[in-house]
Amino acid sequence: MYSYDYLWLIPFFPLLGAIINGFLGKKIKSEKVIGGLGTLAIAGSFAVSCFYFFQLLNDPQKVHQQVIGSWMSVGRLQVDWGFLLDPLSALMILIVSGVGSLIHLYSIGYMHGEEGFYRFFSYLNLFCFSMLMLVLGNNALVMFIGWEGVGLCSYLLIGYYFHKKSAGDAAKKAFVVNRVGDFGFLLGLFLLFWTLGSDHGVWTLNFVEIAANAHLLGAGSAVVTIVTLCFFIGATGKSAQIPLYTWLPDAMEGPTPVSALIHAATMVTAGVYMIGRMNVLFFMAPSTMMVVAIVGAATALFAATIGLAQNDIKRVLAYSTVSQLGYMFLAMGVGAFTAGIFHLMTHAFFKACLFLGSGSVIHAMHHGLHHAHSHDDPQDMRNMGGLRKKMPITYITFLVSAIAIAGIPGFSAFFSKDEILWFAFASPQGSPWLWAVGACAAGLTAFYMFRLVHMTFHGAQRTAAKARDHIHESPLVITIPLMVLGLLAVVGGYVGIPHVIGNALGHIPNYLDNFLHPVFGATQAQAHGAASTEVSLMVVSVALAVIGILLASWMYLWQPELPGKFVANFKGAYRTIHNKWYVDEIYDAMFINPTKRLGTFLWKGFDVQVIDGIVNGTGKVINAFSKGLRFTQSGFVHNYAMTMVVGMVVIVAFFLFR
Amino acid sequence: MLDTYLPILVLISIAVAFAIGSVVFSRLIGQKKPSAVKLAPYECGMPLIGSARERVSVKFYLVAVTFIVFDIEVAFLYPWAVVFKQLGWYGAGAMGFFIFVLVIGLIYEWKKGALEWE
Amino acid sequence: MENLAQIAMQDVNFGAIMPSLVLVCFGMALLLVTVFSPRGKTTHVAYLSILALVVTGIVSLATWTPAGSLVGNWQEGFGGSVRLDNFATFFNIVFLIAAGLTILMSDDYLKREEYPIGEYYPLILFTTAGAMWMASGTDLMTIFLGLEVLSISLYVLAGFFRRQERSNEAGLKYFLLGAFSTGFLLYGIALIYGVTGTTKVALIGEILANNPSLLTNTMTLAGMGLMSIGFLFKIAAAPFHMWTPDVYQGAPTPITAFMSAGPKAAAFAAFLRVFVIGLAGLQDQWTSLLWILAVLTMIVGNVVAIYQTNLKRMLAYSSIAHAGYALVGMVAANAIGLSGILFYMLAYTFMNLGAFAILVLAGKKGEDNLTLDGFAGFGFKRPFLGVAMSIFLLSLMGIPPTAGFTAKFYIFAGAVEAGYIWLAIIGVLNSAVSLYYYLRVMVYMYFRDPAEDYGWVKMHAGAVLSIVVAIIGVFYLGIIPGAVMEFAKLAIF
Amino acid sequence: MSPTVYHYLTLSAILFSMGTIGVLTRRNAIVIFMCIELMLNAVNLSFIALSRHLGNLDGQIFVFFVMAVAAAEAAVGLALMITFFRNRESIEVDDINLLKW
């Protein structure tokens, strides 16, 4: 028998850290103590998480609940403060606390000297607490606490640089858009609770009980579809899917570690986790699954196109995150729950690494530009270039992660992404179209990632000359997390080697699949298709990725250097060069420019105009309504009395003539 | 029953008739020679001091407010008085407490100076 | 005729009015204390009134009947027109907490605004006593008396700053409209009395149940409609809410805080007792009316609040919206919904009084700075108050794990269980809208550069204590509300 | 024909409506308050008539309380109006318009 009595320690440590830093941080003053405390708090939960993770590996019983105490009992509904440890949540706490620890460590270096250092760590700890509550909660309400908590912390952290107006606006937007999603979540919760309770006498919000009783609702019934759609709306808000994704790129106003932790590795994946947690319900609602898959695929492609047209290093990564989250939803939608969670994990590694790497670059750029008294934007890739030699460690880890996200075989995302694509093609809910969209997005991903790598690290230095000399590699406290995450971005995928490769290499099992089997075993879709099809699809998607990388390299790396060499060495070949330019321009005009224009259009036009328009429009309508209604409040006693009399007449008439 | 009230009715009729009659009669037969002095408001034969629309001192309101509150106690004392005997000491005690509450109000007013004119 | 005294006496049970009796006696004594105290000295009166509330609290709790107890501790008296049951006791505690927090934040406030007048405290005690009569009254007569004692004291308190035009106007407006609504309430009572021949709530219920023909009688229906207006006015439900913003804005801030919690809860108590017990037979009728009014109230409160820049006024609209949420529980009219209202009132008392306590501290003399702009950067210059305000705002929004969330969840779960799923949806949607204006305060506090250094904000012990108590309350009811929810369940009829 | 309870109730309803209309139309706060008093007294008439009709005293007891309450209300109301007049030199309700929107 194994004991799971100290599960509560996992969220408790960061909570403690948040409280101590929040209340005493101002008095402590020493950045080392504050940062150390914050990092230690989350490292503590990482240690406990590891312990329980490995214990669970050996434990034949895979689902454990720990109830701390009763929270509310409303009628026949009993809600506890309880935790649920099963393979899914065990994996999630490992990711959250592990990546969280690294990012805390990184923040000590990155946030050095910032005003309100203690505040930052307090919020970060509080975020980790909420996120751990979200993944550990054994019922929907505890999850909802985490759900709201992460939204709140994200709000506080996006607005960290509060004197920037854009930061405040972005924070507010994030919170409000998230709440639209939360509304869906709560609605789904109420509907589920009501139908299960009033129609079937099961008053519960406990995940285990919901899963056990979900069959009462009837597979494919309208109720299940509506409930799951509501949950999915909640997920789109939190996980930045169409149409509620617009807050995420704006959220890049926050400090970079925040972008890495909250807006890449953990919080934004909460929606995916939630669908995984409710997999039994989603399994019973094929129409919702279809919506999830289509929205996921559309988001993956759509965000990737927008990523093409961005010049701000963090915004590229932000759209990339949206796009990758689309992949995860695509996986969930086609019933490949394991693959979705797998991609969630690998994405946490490589995207955190990419963000932290970009943070390292921005940090260095900022430093350099500051010395040169330049007002160039330290986040604009057009001001970078050739940083490879200046920042070797950042460069290598960044490159490794970029290769990983591009889906080159041997790196982590290759395994997860290709499993998703395979399921999108071959699962009963999948279709070749979904696969095609996913594969296109994969090609685009490779393209914009390498555009990013080339513009930042390769080629000529475009940074102002004076600033160049002051750009140097970041300190160890920043590079250590980069190295660890870079390593994970490479090897993280080997826990889930697809069967077709595993079999080819000699019966290597898919560890992750086996581990998550107790959670997803019954609902996981089975892909039907020949191994040869799977391999050929794999080859196609890898080829697309390679083409994307080559195109990017050609356009942003080789091309600018080639003309100069040619002109210098062979004047006779100038014509050829010119021709090449010519070809290139045709190419530019025919393919790249339209794509870029499409990207710009989608971003400036659709994203800003339509989506923001809808969000702001709703706000404006309510505002106008408010303004109008306000004027009924004229301040005159007579008007008030008149309203009362009219109300009285209406009420009495209502009773009499009803 | 009603005949007991007959004398009162007669008295009222006579009073009303006399009042109306004297006013009407003087209107009919009296001479009218108005002058400024005659039309001025009558203030006990004293010359006028300022306009009649002058603000009344707030003290009058204070007295009026005080009066309203203490006047109401009578409304409660009457029914009690009617059944005073039947209610006995219990009723007296209850009414005593009622009066006591009013006395506290009185003390409060007194101490606040609401009863002093100047 | 000899037995008249015996009849009068045998029904008398001072136990049934003990809490309010204690409070009134303290109030009268304090009036005398005030008048014999030197001018401008009020602190001792504040202390004594806190003592009065504590004593009353102890007295109130004595009548609580715990779960599983075979013998009820409830007290009934005065010919069955007062009944101190768990329902009344629960509300009494809510009133006492509201009054206590109000008094704690008042003393320094009165000195700052230069109205150090001791009568303020006895008036709060009288208001509380009136509220108690409303909660424990089982006769329309006692309920009416309680309502009037409460209202008349509040008229004075709302217009307490007599040389300040705003306060003055608030008092007069409240008085005129309040008296007007009283007229309707009374007329309703008269009609119900005419139909049933009694003013006792339980008896009305019985008579209506035994004579179904009375249920469709014009007088009954008109009486019910008119009576509801009196209560709806006091809980500030649309369309009888229009006095609320003006009065809340003009009244002294602690009084506004008190009005939004104590009297509102009292009106709910009386409303519940009269309608759920007395007019149970007409439940279909009044729930369908309240359904509409609840929606209307939530929408009006939340939507108009968006446009407000004065925080007192914004919180006034917010309190209208919260009355709408509580009405949802009354529409459900099941055990969860009703006990949900009780729980909601307690939760709302903590979070709203807490928020107002911060306004009390943050104001300058005259309180012209209690606007959004006046709070720019407040959170950084006054970290404790900023965090506290954020907690209360989050609770008002209904973000877990605060009292606001559990209370809303409770109410909406009640509505869902009773099958009013759309009402719950509208409620949740409304609380999503409410986010906008609560959040804006936080945006100003944390995302604007401080306009001032807020040096005038003095951390007075009383107000700070009330804030701390409110924070504890908000988190207690948010994290471990189980015990209080049990109390609320025991407290419904 | 001797008056029945219905006549009283009708009279009371008419008085109540007159009071209500007065509240809605008059401008002077004191007159408005007098109209409210009229409403209360209309209700009192109902109570008395019903009490006599039903043969029970509850209605009459109620009237006592209403009277007491009305007096207290009048006292407080007058005080509020006086202070208002001192601040604004007016007692017109249209001038009670500082707080709005």
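To keep things simple, chains are lettered A, B, C and D as they appear, and every chain counts its residues starting from 1.
The working rule: a residue touches a chain if its C-beta (ideal position, glycine included) is under 8 Å from a C-beta of that chain, and two chains touch if they have at least 3 such contacts.
Everything numeric here is computed off the predicted structure, so don't read it as measured data.
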**Message:** Going by the touch criterion stated earlier, list every chain that contacts chain A and also contacts chain B.
**Reply:** C, D
**Item:** Distance between chain centroids, defined by C-alpha means - chain A, chain D (Å)
**Value:** 65
**Asked** Distance from the CA centroid of chain B to that of chain C, rounded to the nearest Å?
**Response** 41
**Asked** Centre to centre, by mean C-alpha position, how many angstrom separate chain C and chain D?
**Response** 26
**Fill in**
Per the C-alpha centroid definition, the whole-Å distance linking chain B and chain D comes out as 21
**Item:** Where chain C touches two or more other chains, by residue
**Value:** 173, 176, 180, 245-246
**Request:** Check each residue of chain B and list the ones that touch at least two other chains.
**Result:** none
**Prompt:** In chain D, what residues contact two or more other chains?
**Reply:** 20, 23, 32, 72, 79, 93, 96, 98-100
**Chain pairs that touch, as defined at the top of this document** = A-C, A-D, B-C, B-D, C-D
**Request:** Over in the complex, which chain C residues touch chain B? Could you list them?
**Result:** 1-2, 4-5, 8-9, 28, 31-32, 35-36
**Item:** Of chain A, residues touching chain D in the complex
**Value:** 630-631, 633-638, 641-642, 645
**Request:** Over in the complex, which chain D residues touch chain C? Could you list them?
**Result:** 9, 12, 16, 19-20, 23, 29, 32-33, 36, 39-40, 42-43, 46-47, 50, 53-54, 56, 58-59, 61-62, 65-66, 69, 72-73, 76-77, 79-81, 83-84, 87-88, 93, 96, 98-100
**Request:** Would you pull the chain B residues touching chain C in the complex into a rising list?
**Result:** 83, 86-88, 90-91, 101, 104, 107-108, 111-112
**Request:** Would you tell me which residues of chain C are touching chain A in their complex?
**Result:** 173, 176-177, 180-181, 184, 218, 221-222, 224-226, 228-229, 233, 239-240, 242-243, 245-246, 285, 288-289, 300, 303-308, 334-336, 340, 383, 394, 399-401, 406, 409-410, 412-414, 416-417, 419, 421, 424-425, 428-429, 432-433, 435-436, 439, 443, 446-449, 479-482, 485-486
